[in-house]
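A, B, C and D label the chains in the order they appear, each numbered from 1.
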Amino acid sequence: MRSRSVVSMAAVAVVGALTLTGCGSSSSGGGGLKADSGSGGGSKTYTIAFEGPLSGDNAQLGINEVNGVELAIEQANADKSLGFKLKLLKADDVGDPAKAPAAAATVIQDTNVMGVVGPSFSGATQAVGGKYGDAGIAIVNPSASNGELQDQGFKTWHRVIPNDYAEGPAAADWLAKSVKKVIVVSDKSAYGDGVAGAVSKELKAKGVTVIEQAADATATKDYGPIAQTVKSSGAEALFYAGYDAQGAQFAKALKAVDYTGVRMSGNGVKSDVFTKGAGDAGNGWYFSCGCADATTSSTAKDFAAAYKAKFNTDPSTYSPEAYDAANIVIQAIKTAKGKGSVTRSSVNDAVSAIDYKGITGDIKFGSNGDLPEGSGVVNLYQDENGTIKSLGDITKAAAAK
Amino acid sequence: MSTPASTGEVVYDVRNVTLRFGGVVSLNDVNLQMFRGEILAVIGPNGAGKTSLFNSLTGVYTPQEGTIMLAARAGDVPVSAIGKKTHVINHLGVARTFQNIRLFPALTALENVKVGVETRMKSGPIASMLGLPRQRREERESTERAFELLRSVGLAARANELASSLAYGEQRRLEIARALGTDPGVILLDEPAAGTNPAEKRELAALIQQINAERGVSVLLIEHDMKLVMSVAHRLVVLNFGQKIAEGSPEQIQKDPAVVAAYLGTTTEEASELVGTASVTKIDTDLDLTEGDV
Amino acid sequence: MHEFLNYVVLGLTRGSMYALIALGYTLVYGVLQLINFAHSEVFMSGAFGSYLVVNAVTHDGAHPAWYGVIGILVLGLGSGAAVGAAVAYGLERVAYRPLRRRGAPKLAFLISAIGASFFLSQLAGKLFNRLNNNDFPTYFNVNHHVVAVAGVTVSLVQAIIIVSALVMMLFLDTMVNRTKLGSSIRAVAEDAPTAALMGIDIDKTIARTFIIGGALAGAAGFLFGTAYFFSNTMGFIPGVKAFAAAVLGGIGNIRGAMLGGMLLGLIEVLLPTFPWWHATGLIGIQWTDVVAFLILVLILVLRPTGLLGEKLGRAA
Amino acid sequence: MSTYTDVTKGGGQSRRSDAAEARIALAKRFAGCMFLAFVLALMIGTQEGTQDDFGYAFRKSVFAPRIGIFALIGVAVFLAVTFWPRIVPYLSRAGVRPLAAGALTVVVSFTLLNWTDSTDLNNGKFGGLRPAAAQTGGIDPVARLFFGSAFSLTPWLLLLIVVALVAAAIRFEDSSTLGYVGGGLAIVFGIWAQYAQSAVRSFLDYPDHSTGAGVALLGFVTIGVSGIVVARSHGKADSGGFFQRVYDWRPGMPLVALGAVVGLVGLFSAAWFSPTDRNAGIGLTSTMFHGTGLSGFSAAYLAWLAYVLFFATLILAGAASYLRHHLLGWVAAGLGVVSLLVTLYVMHDFSGLAAQSKFDGATGAWDNLGTGGWMLCGALTVLAGAGYLVARHEQVEVPDAAPGVSSDAALAAGSKLGPALLVVIIASALFFPPTATQFWQTVLVTEIGIYVLLAIGLNVVVGWAGLLDLGFIAFYAIGSYTTAYLTGRLPVKPPSFLELTPLAAIPFAIVICLVAGVLLGAPTLRLRGDYLAIVTLGFGEIIRVVANNSTPVTNGSRGAFNIPPPEIHIGPLDIKWGDNVLGYWYLLLVFVVIVVLLFNRLEHSRLGRAWAAIREDEVAAQATGINTVRVKLLAFAIGASTSGVAGVYFASQIGSFTPENFILNNSILVVAYVVFGGMGSLPGAMAGAAVLTWLPEFLRDQVPAEDRQMWIGAVILLMMIFRPAGLIPARRRRAELGGLDKKDSSETTAVPAGEGM
C-alpha cells in the first residue's frame, strides 16, 4: 500500500517536472535573432506583446489596454498592403512586480516579438524594464506614469503618456487661479500618490491651503465617510487622484452629501466608465489630461466606435493610449521593413525616431524615451451631462481666468 | 494491605479552599493534607468536586479563597500553588493523568513519554537544528529514560506504535509513564481504572504500589472502583457537594455512615443502619456504574 | 455636533452591512466551529442574483410610485436572499459535507472554502463581467433625505440599509431563540454528539444553518449593490471585515455579531475620519484599517473570546 | 463532487425499503452528476459579457447544442461512478495502474506538451508538428511514418495497440507472452517517438527545450513496465507489490534503469550545442569544434570519452546493483561523480570557447548549451546515487527497533523507496532547470522557489505548532523592506557602516523578523484558533497599510526599486548575480537545502515533539510541563525568520517591489499551499507550494488568463474533498486522520472540536 503510493507519487512528480518545460510558449531567448527562419515564403508574421494585468484585482485596467492593442492589430491585419501579418502575445503579469519577470520571459523568449506594449503598472515596469532593454525589445508604455521610470536607464524605454509630474502641476495652476483651499484625495495607488503629490506640491507653491487625504482603494469601497470629510473640510475644490470606476463611486457619494465645490481629476478618471458610472453625479467634474480631444478628432471618434463595436463596451482608462502605443509599434515595423530588415533593434530604432499622429495627440519621443517636456499639451475637459467636452489648453484656460 | 510509608512531611497542604463558578460552589472550604510517600485516595459521588480539586491543585483553576502550599519533592521549601501556571506546577514536581485519557494520539508511545522527559532538558532550537553534541546527548538520554519508563509500565514492546493505536488499558499506563517522565514528587491519577477490565485493574493496582514504593512518589488518586481504592490507598478523603465529609484509613471510611449516606443518597441515620449489614462489595457495585465527573 | 451625527449615521450604515455578513459567519461558526471563508462569495452572488431579477423588472430612470419602489426592494431582497441561500447550500454540500464525512482536519475546511471562494468569484466574473463598478438601475432617488434635522441627514438608502439590517437581525434572533429549528441549531452548537443522540439530524441542521446565513448575506449583497456597486470581487474586503466583526463580538454569538459589526463600522468611520483627528495631520482615512485592526487586537487581548463571549447557545 | 457524499452515505436512519433507498440515492447521484456537467459547461464556456450585455457568457454556455455535450459528459461521469465498484477490483490487479499512468502520460504529451520550441507550428504542440512533419519530404521516412505519412492517426494507433495488448494480458491472467509483447512494443514505440522528434528537430533547426517526445517516451516505457509486471506477476499481486519485490530484490535497479534511459537519450538523441539556428548532437558538436582550438581532453571527451564514461558507469552501477556488491557500489558511485565533473568541465570548455568568439550572441560559458549534456549529468548523478545506495544498503537496514534507536528513524526506515526518490529529486533539482526554457527558469526562481521557501516557514507555524497564521506575508514584507533599507534604496538611508549587500542583510532580516514574530506573538498567543487567525490577519494588513502610507520612510505605494542583486566576496570567492536566471536558481537551492536540513532536524527534536504535543492537546501538554507560550513563540519566530530570508531573496532578485506584493491574498495563498501539500510534512508543504505556483503558469497556455484563478480554486477544492490530508500527508497528521476513522466513524464526531486549531 505504502510503496504503491510512493510509486504513483514519483510518477506524478516526474511527469509534473517534465511538463514544466513542455508548455513554455516558444523558443529560447539568447541575444541573437533569426526572425525569418521557419515558414518560408508568404508574408511574415511578427508579434506584438502586451504585458499587463489580465487577471487579479487590477485586471480591468489591463483588459482596457489589451483591447486597444487587439483592435490596433486587427485593423492593421485588415490592411492588405501591410506586407506582413501581426500577432498579439498576451503576457499576464497580474500587475505585480513579482510576477512581471515571468511574464516578460514569455515575451523575450518568443523571437518573433518586435515590441511590447506595457507593462501597465510602474512597479512591474521597474522589475522588467531592464530585461526588455537587454533583449532589445522596444517598450512602448501606455500607462505606467511614475515620474522616475525614464531615468532608470532602460535601453528601449518609450512612453506615450506624460508622467505624473507633467499632468499634475498644470491642473494645480488652473485650480490655484480661482480657489484658496483645496482638498487633494489620493486613492493610495502608485499612480494616485504620484499625481496627488505633484498637485499638492504645486498648489502649496502657489500659496493655496491644501488638505491631503486618501481613500485607500483596497479598503472598503464605501466613499461616504471621505465624501463627508470633503464637505466638512470646507474646501472650495477637490482634486481626486485615482481611477475611473472608483472615481464614479466617489462622485456619487459627493452628490449624496451635496458637495458643491469644484471637483477635478486627472487622466485616470476621464473616461466613459466614469461618466456612465457616476451618472448625473459626475456632472460638472473637470479633468486635466495630457491627451488630445477624443470628441473632436475624427480618428478618435472612429476608434471609439470600432472599440464599442468589437468589445461591446466603451473604451476606458488607457484604452486609447494602448491603441496608440500598438500603432506606434506597427508603424515602426513598417519603417524597419522599408529600410531593409525587421529586427528587434531596427524596430526599436524606428520607434525612437517616430513621429506619430495618434488619437491621444502627436507623439514623439525625447532622448529619455518620454514625451519631450512641454510638447504634450495638457487639456482641460468637463463632464457635461454625461459627455466629456474639451475646454482647450489648460494653461490658456488658467491664464484667461 | 500495605502499611503507610508516610514520613510525616506534608506534600500538599490545602487550607480552606473554596472554588466557585458563577453561582455554583464547586469546592467549599476544603482542608486536606497529603504526606510524603503516601497513597491518598479522594473519593466521592459524581459532582462531588474531585476533579475540581485536582484542577485547583495543578493550577488549571484558581480558587477564590484559601491556600494551597506545595513541596512536591523531598527537601523542597513549600510554595503556594495558587495562581501558578500548570506547567510551572509541573516543574515543581507535580504530574498528573486525565480522567478521559489525553495522550498525543499522533505521536508514538515512545515519543509521548519523551515529551514528558524532555520538559526537564535544556537544549534549544539552535542546538537542535545544528545537532550540537549536547543536544545529541540529551536526545540519547531521553530515549533511554523513556524506554526505561515504558518497560516499567509494560509497554516496551509497543514503543513505536502510535498512541492512538494502543488498547485502552495500555493508553492508561502510557499516560502514567508520560507523567513519570517529568520526574515528579507527586503524581495525581484521575480515575486511572475507568474503563479497564478486572485483569487490567489488578495490574494497575500493582503499578501504583510499585510507583509509590520503588520510586518514592506520593500518589493522589481519584477513583470510583472501591476495590482498587481499598487495596492500594493508605488513606482516603471523601468529598460530597464540594465539601470534605470524611477522612481516614480505608477501614474507617468503609464504616463511616456519612460516606455511605453520601453514596446512597440517604440520610446519615439510615446509612448507619446499613453499615452494619452492607458489605464493601455492595457499595462497590452501587458505585461503579458511572463515570464522568467533569 | 451635526457633523458628528452625520458620521454616526455613516458608521451605522457601514456597520449594518458588516453585521449582516457577520451573522452568517457566526451562525456557521456556532454549529461547526469553522470560519466559512467562502461566505463573502455568497454575499457577492446575492448581489449578482438580485441584479438579474431587479434589472428584469425595472430600468434606469424608471421612477415608480412609492409602493412600486417598495415592491422592487422586497423583490431584490428576496431574490438576493434566495440566491445567497442556494449558493450557501451548494457550498455546504460540495465544500463541507464531504470533508465532514472524512473527518478532515479543521484547516482542510478552511482551505476548501478558500478554494471555493476563488472559484465562485472568478466564475461569476467569467459568466457576467469583471468590471468593478456595476450598478443597479436607478429606479429611485437613493439620496432623498428621509431625515434632515439641523444639518443631520439620513438618506433613503441609508435608512433602507439600517432598517432592513435591524429587521433581519431581530428576525434571526427570534428564530434562533424561539423556533424549533433555532433550538436544534443551538443544540448542535452546544454539543453536536449529544444533539445527534437526541434525534437531531445534524446534516440537515447544518445545511439549514448555511441556508439562513446565506440568505442574510445574499440580502446584504443586494443592499450593498443598491448603495454602492457590485462586482465579482466585491465580497473579499467586506468579508474579511465582517469576519473581524464577528470575532470582535465573540464568534458564534449572534448578538455579538450585531454588536461587533456596528462597533467596527462606527470605529472605522469615526476614528480616522472625523475632522478633529486629521486636523492634527497625524491620521487620515488611509489609516482606517490600521486603527480598526489595532482596536480589534486590543479588545481581543483584553477579552480573549470577544466582547460578548463565544457560545451560540449562551447568548441566544 | 457532491456525488461522493451520497456514495458513502450508508446507514440513514429512515427505514425505507432498501430498493427505494437505492433508487433515491441513484437519482441524487444523477442530479449531482448533471450539476457537475452544468458547472463544467460554465467553466469551459465563453468569456464574460459587458455592462450592457450582462450574462452574455452565461447564456452562451447553457444553450444548445453546447450544453448537450456537457450533459453527455455528466451521464458518462454518472455511469463511471455507478459502475466504479465493479472497476475497482481490476484496478488493484498487477499492471493496471502503471498502464493507466503510462497511457495518460502519452495522451498528455500528445495533447498538451510542446514537441518543438517553434511557435510557428501551432505553438509547437504535437497537433501542429504532426501534419507538418508528415508532409515534409525531407525528413527520414521512418520518422514520417511515426507522424502519419501513411495514415494520419498513426501515433494514436500505436498507443492503442500497446494499451490493447497489455490490457488483454491483464484480462487473460496467465498470458505472459502477451504482456512481454505489449511491453516490448511499447518500449520500441517510445524510442520511435523520440527518434521521430529528433529527426524533425534537426530539420527545423530550432533550439529545443521541448519535452513532448521525452514524456511520450516515458509514458511508453511505463506501459512497457506494466506489460512486464503483468507477465511476471501472473495475476498474483498488485503493481505496488511487484515494485516492492524488485526493490527488495535489487535495491539500485530502478535507479539504474532510469539512469540508462535518460543517459541514452542524452547521448544519442538530445542536442549538446544549441544556438538559435542549429541543434548539434554530441557527434555533430565534436565535428563542429574540431580544429577550433578546443583542448585535446575536451575533444577526446566529445569524440569517445563520453561514451566510455557513461557506459562504464552504467555497467558498474548495474553490476553492483545486481550483485549487491558494496565495493562495486562505491566504485560506481565514485566513477559516476568523476564522470559528472568531467562532463561539466567539458561543457564549460566548449561553450566558453564558443562564447569567446561571441558565437551567436553568447555572453559567457554555459550559454547556447543544449539539453544533452545536462541530461547526461542527470543520468550520471542517478547512477552514482544507485551505486551509493547499493554500497550503503546493508548498513541502513538496522535490525528491529532496539532500545536507543530514535523512533522516527525506525518509522522512516519503513519507506525503502525514499532514498531512491531522493536521488532522483536531487538529480532533477540540479540538472533539470538548465534544460528548461527561459520562461520556466524565470518562473522557477521568481515564484516557485520563493513560495517553497515561504511554505517551509509557514509549515512550522501551521503544520507543526498548529497555529493558524493569516498574516505570514508580513514577515516576508519585513524581510524585503529590511533589504531595501540596508542597501540604501528607501527614502530613509542607513548609517554608512550599515550599508550592505543583499546577502549580508540576511542576518539582519532574520533578527528583525524574529523580534517582530515575538512582538506579535507575545500578547496574542494565548488566543486560540480563529481569534489568533484574525489577529495575525490584522497584523499582516497593518504592516502593509503602514508601508503604503508612510511615504517618507518606505516610499509609500511606489515601493522600493533598484535593489542590487546579491553578491558574495569572501576571500577567493567572488560571485555577483546578474541577469543569468539560473544563477539565482542555484542560490535559492542552497537556501532551501540549508533550511530543509535544519528544519528536518528540528522536527525530530525535543522542540518538534513539543509542537506536536501542543497541537494535539494543549491542556495535556501543559500538564506535562511544556511551557506552551514559549514553544508557540519559538514556532512563530522561526517561521517568521524563514519568511524574512525569503523576503531578502525576493527583494534582491526582482529588484523592486511595492506594498501590493504583501496583500492579504498572498498570506492566504501560502496557507493554502501548506495545507494543499500536507500540513506538517516538509516535503508536502514544498510540493504544495511548487504545484500551486506552477499550475497558474502551466494554465497560461491552456485556459484564458482571466480564468486561471478559477481553475486553481477548483483544483484546491477537489484536493480537499478527495484528499483532505494533502498531497503528501505528514506521518503524524496521517495518524490523526486514521485515528479518527478508527475511533469512531459516526457522523457526530466528525464535527470538528472547538478547541485549538
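The working rule: contacts are C-beta pairs under 8 Å (C-beta built on N, C-alpha and C of every residue); 3 or more make two chains touch, one makes a residue touch a chain.
Labels paired with UniProt names: A = Branched-chain amino acid ABC transporter substrate-binding protein.
Nothing here was measured: the structure is a model prediction, and the numbers come from that model.
A.B. asks: More contacting C-beta pairs: A-C or C-D?
C.D. replies: Result: the pair with more contacts is C-D.
A.B. asks: In whole angstrom, how far does the Cα centroid of chain C sit from the Cα centroid of chain D?
C.D. replies: 39
A.B. asks: Using mean CA coordinates as chain centres, what's the chain A-chain B distance in Å?
C.D. replies: 73
A.B. asks: What is the distance in Å between the mean C-alpha positions of chain A and chain C?
C.D. replies: Each chain reduced to its C-alpha mean, chain A and chain C end up 36 Å apart.
A.B. asks: So how far apart, in whole Å, are chain B and chain D when each is placed at the average of its C-alpha atoms?
C.D. replies: Each chain's C-alpha centroid was found; their separation is 51 Å.
A.B. asks: Any chance you could list the residues of chain D touching two or more other chains?
C.D. replies: In chain D, the residues touching two or more other chains are 49-51, 545, 548-549, 706-707, 709, 733, 736.
A.B. asks: Which parts of chain C, given as residue numbers and ranges, touch two or more other chains?
C.D. replies: Within chain C, residues 130-131, 286, 289 contact more than one other chain.
A.B. asks: Which positions in chain B are in touch with at least two other chains?
C.D. replies: In chain B, no residue touches two or more other chains.
A.B. asks: Each pair of chains that touch: what are they?
C.D. replies: A-C, A-D, B-D, C-D
A.B. asks: Report the residues of chain D in contact with chain B in the complex, numbered from low to high.
C.D. replies: By the definition above, chain D touches chain B via 401, 403-408, 410-411, 598-599, 601-602, 605-610, 612-613, 616-617, 619-628, 634, 638, 732-733, 735-736, 738-739, 742-743.
A.B. asks: Spell out the part of chain D that touches chain C in their complex, as residue ranges.
C.D. replies: Residue positions touching the partner: 1-2, 4-5, 8, 13, 42-43, 45, 47-51, 54-55, 57-58, 61, 462, 468, 523-524, 526-531, 533-535, 537-539, 541-542, 545-546, 548-549, 664-665, 668, 671-672, 675-676, 679, 706-707, 709-710, 712-722, 724-726, 733, 736-737, 740-741, 745-754, 757.
A.B. asks: Going by the contact rule set out above, which residues of chain A touch chain C in the complex?
C.D. replies: By the definition above, chain A touches chain C via 57, 59-60, 63, 188, 211-216, 218-226, 228-229, 232-233, 245-246, 248-249, 255-257, 273, 277, 279.
A.B. asks: Across the complex, what residues on chain C touch chain A?
C.D. replies: 3, 6-7, 10-11, 13-14, 130-133, 135, 138, 142-143, 153, 155, 228-229, 233-234, 237-238, 241, 268-269, 273, 275, 278, 284-286, 288-289
A.B. asks: Would you mind writing out the residues of chain A in touch with chain D in their complex?
C.D. replies: So the residues of chain A touching chain D come out as 1-11, 13-34, 37-39, 45, 54-56, 59, 63, 90, 92, 95-102, 104-106, 108-112, 122-123, 126-127, 130-131, 134, 146, 152, 188-190, 192-194, 214, 216, 218, 276, 311-313.
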